[in-house]
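Labels run A, B, C and D following the written order; every chain starts at residue 1.
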C-alpha cells in the first residue's frame, strides 16, 4: 500500500522538477538580461505608481469563512461513503440529517448576502 | 481488488510523463482545430498539428522577462507545482484494466487534494510577478475556485457510494453493469464545470482572461509561459481522464482493449470542454459564486441523494 | 505568428480586422509577442506609452508600423507598411524570418535603462525601504490605505490602464483607483484629442461604412468576452464589407453570426451590467447594435445605433457607472459603449 | 520507511522554522502549508492513509483562506521590507525549547505497545462504521457546531445584511459622553459633499 503512495510521490516530484528545471535553465541561460523599462508591469503603456503587492481587499471574505465550515463536512463524508452500502438506510437518513443541518447554514448565508461581493 | 498491479515508480514516471506530454500536445491541436472550425477557417489537420510545434520553437528561444520585484521562487514554483499536481491527479486514475500508477485506497481523496493544491498553484502564479493584473486574476480565481471545489467532492463521493471504496479503480469496476453517467445523471455535468474551473478553460476562463490583458499570464514570456500553458493542458488531460474513469466507465468497453476505450473517452471529454471554450462566453466571477452556492450545490446534494438511493 | 497590436489614432479599426487572418495571432499582452504592430498615428501624449510597450516585448523582437505617419520616424528599425492586411502579413512574416536568421538584430530599448527611484544600498537591507511600509523598496513605494464604505480601510491601487491595453478601445486611457477588484474612482482621460485622421479603409458608401465599423466593434467585444473564434469570424466578415459587394449574402452571413453570438449566452452575462443613464445595460446596447449591423447591411439604412459614442460624452456617461463596479464589469461597460477610438472630437467614422 | 519518516519530519520542522524567519506573508502561509503536507505524509507512513490524505486537502484550503486574510490585514504583506514576526522572543524561545524537550522525553522514554497495524486492514471501513455506530452523537453534534460556526461567521464578517448595509443608519457616538454633538456633523459641510469624510455614507 505504501508502494502506491511512493510511486505517486515519485511521479509528482518528477513532473515538478522537470518543469522547474526547464524554467530555471531558460531564466539562467537567456542571452538578454531584463532592463529597467522591460521590467515595468504590463498595464498597456503607463507605469504604476506603487507596487502591486498591497493589502488586497478580498471581496468574498464571508464566503471564504462559510467555505471553511462547509469543508469540515467533507472529512465526515468520505468514510461514510465507504460503509454506506453496508449500513443501509440508517446511513442515508443520518447523512441526510447532517447535510440538512449544513444546508441551513448555506441558506442563512445566502439570505444574509454572504455570497455577494461585499 | 482483482489483479491490480501498482506500476513501479520508474515505469510510472514514464507512463504518466508520456501520457501527459502526448495528451497536452493533443489538447493544443484539438483547441486549434475547434478554433478554426468555429472561426470558419479552412480546416487542415496538418496546419493545426504543425503550428504549435513552430510556436514552441520560437517561445523556447524568447527572453523570459522578469518584473521589478517579483517573488522569483514562487514564480518558478507555480508552474512546476501545477504540472506536478496534474501528474498526481493522473497517477490515481487507472489507465487500463489493472494498470494504475498509484493504486491507493483513497484515490478520490488524493484527487481532491491535488485539486485543492492546484488552487494554491494558480493563486501563486498570479501573486508572484508583483504586477496588478495577474494579482487581480489570482484573487478572482480563488473566489470562484472555493465555490466549485465542493461540487467535485460531492460528485466524487456520490460515485464512490456503489463502489464501497474510495479507490478510482474500484469505482470503475462498480460500473460493470451500468455507467455512472446513466446511474447518476447530474454527476458528469457538475464534474465538467469543475474541470473547466481547475483548468480555467471555457466559460470559467477567468484567470488568463482577455478582459485583463491575459490575466495571470500577463507577465510570463518565453519558457515560463510555455511551462504554464503546458501544465494547464496536462491538467486538462488528467481531469478528463478522471471524468472518463469515474463517470464513463473507464476502461470498460465491449470490443476494443481497455486502454483504447480509456483514450477515446478522455478524448471525448477533452473535446467537450474545449468546445465549451469557443461556444460559451466567460461568466462573471461574482455571479458564478452565487450560482455555484445557490444552484449547483443543491444539484450536488440531489446527485448524492440519487446515488444513495440507487446503490441501496 | 504572435503579434501584439498597439493601435493609435485611425488604426484601431483595421487592427481588429486582423483577428480574422489565420496567419497572424493577435495576443493580449506584449510579453507573448515577437512582433509589435503599430497602426495609425500615435498622438504625442501616448508616445512614451508606445515606447514602453515596445520595450516590454521580449527579445528577439521586431516592429512593423502600418499606415503610421508620425511615429514611423521615431520607431527606429521598423518596417513601414501601407496597404491592406495581406501586406501586413507579408511584412510581419519577413520581419519574423529576419529575426529567426539573426536573433541579434532585435530592436533595442527606446527608454533609458534607469530605475524609477534610486533604491540600491539604501535602508536596512539595501532594498531602499525604511521601517515596515516606508521608502521605495526595489524602486517603488508601497500602496497606501484608503477609506472604503464597508469600513475596512485597506490599500488602494492607483493605476493608469494604458492606451494600448488589449481590452480597451485604442487611445482610451482610464485612471483607476482600485480597492480589491472594485473600482473606487475611474476617470477617462481626454488628453489624446489630437489628430482625427479619418479612417481611410472604410468604404465611401455610408451604410456599409457603418456596418463595417460596427462589425469591427463586435470583433473586439467578442474577443474581450472570451470568444476569440467568433471574434475572428466577425473580423473576417468585416473585411469583406466593401461598397461594391452584394449585400444580400453579407447580411445573411451577418444574421447567422448574430444568432451564434446570441447562443453563447454573452447577452445573459451582460444583463444588468454597466447600466448607463439613457441607454440601459450592456446587453441592451449589444442587442441594439447587432440588429443595427444586420439592417444596415440588408436594407442600406444608416441606423443611429451604430454611431460610436464620442469620448467626452462617454466620460460623462461613465462618471457614475464605473465607481463601485468591479474591474470586469467596468471593462465590459466601456467596451459595450463602443467609444470611438480614432474619432476623438470630430464626428468622422472610424 | 524510517528514512522516509526522517526526511518528512526534518522537512516539517524546517518549513515550520522558516515560517517565522521569512518576510513575505504569502510565503509564510504556504511554508506552513508545506509543513502540514509533510505531517500528512507522516500520517500516511503510519498507515492512517485516510487521515493523511484528508489532512492534505483540508490544510490546503485553510492555508489559502489564511493567506487571503493575512495579506489583507498585515502591514507590509509581501515582505518588501524586513518583517519582524516574533513577539516576546525570549519567552517564546523558552516555551518552545521546554515543550520540545518534554515531548522528546515522552517519545524516547515512553513504553509504547508494539502492535503494528496490518497494512491491508480496512481502516477507512472501520472509521466509517465507528462514525455511524458508536460515535454517531459526536458526528451529529459536530454538524450542529458547524452550523453555529457558519452563522457566527456570516454575522460577524458580512458587512451587508438582508436589511441593507450593516452600518446604515448607525451613528458614531458623540465626542463627549452624554452630549448630542456627533463628530460627523462638522465634517459634512455642504450638501453636494465638498469632501466626503462622513463614515458609512456612500
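Here, contacts are C-beta pairs under 8 Å (C-beta built on N, C-alpha and C of every residue); 3 or more make two chains touch, one makes a residue touch a chain.
This structure is a prediction, so every number in the text was calculated from the model and none was measured.
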**Complete:** Leading the contact tally is the pair A-B
**Where subunit A and subunit B are represented by their mean Cα positions, the distance between them in whole Å** = 14
**Message:** What's the distance between the Cα centroids of subunit B and subunit D, rounded to whole Å?
**Reply:** 28
**Prompt:** Using CA atom averages as chain centres, what separation in Å is found between subunit B and subunit C?
**Reply:** 31
**Chain centre separation (subunit A, subunit D; CA means) in Å** = 15
**subunit A, residues touching no fewer than two other chains** = 1, 5, 31-32, 38, 40, 42-44, 48, 51-59, 64, 67, 70-71, 74, 78, 81-84, 86, 106, 109, 116-118
**Asked** Among the residues of subunit D, which ones contact at least 2 other chains?
**Response** 49-50, 54, 57, 61, 65, 68, 72, 78, 80, 124, 159-160
**Request:** Going through subunit B residue by residue, note those that touch at least 2 other chains and give them in order.
**Result:** 63-65, 68-69, 104-106, 109-110, 112, 127, 130, 132, 139, 146, 149, 166, 213-214, 218-219, 222, 286
**Pairwise touch network: line, ring, star, complete, or other** = complete
**Request:** Spell out the residues on subunit A that touch subunit B in their complex, using ranges where they run on.
**Result:** 1, 3-8, 10-20, 22-27, 30-32, 34, 38-44, 48, 51-53, 56, 58-60, 63-64, 67, 70-71, 74, 77-78, 81-86, 88-89, 92, 95-96, 99, 103, 106, 109-110, 115-117
**Complete:** Interface with subunit D, subunit A side, in the complex: residues 1-2, 5, 9, 51, 53-58, 61-62, 64-76, 78-84, 86-87, 90-91, 94, 97-98, 101-102, 104-106, 108-109, 111-114, 116, 118
**Request:** Write out the stretch or stretches of subunit B touching subunit D in their complex.
**Result:** 69, 71, 73-74, 104-106, 109-110, 112-113, 115-117, 119-120, 123-124, 127, 130, 139, 142, 146, 149, 166
**Residue numbers on subunit D that touch subunit B, as the complex places them** = 24, 26-27, 30, 33, 49-50, 53-54, 56-57, 60-61, 63-65, 67-68, 78, 80, 124
**Item:** subunit B - residues contacting subunit C, complex
**Value:** 34-42, 47, 55, 58, 61-65, 68-69, 132, 136, 139-140, 203, 205, 209-214, 217-222, 225, 278-287
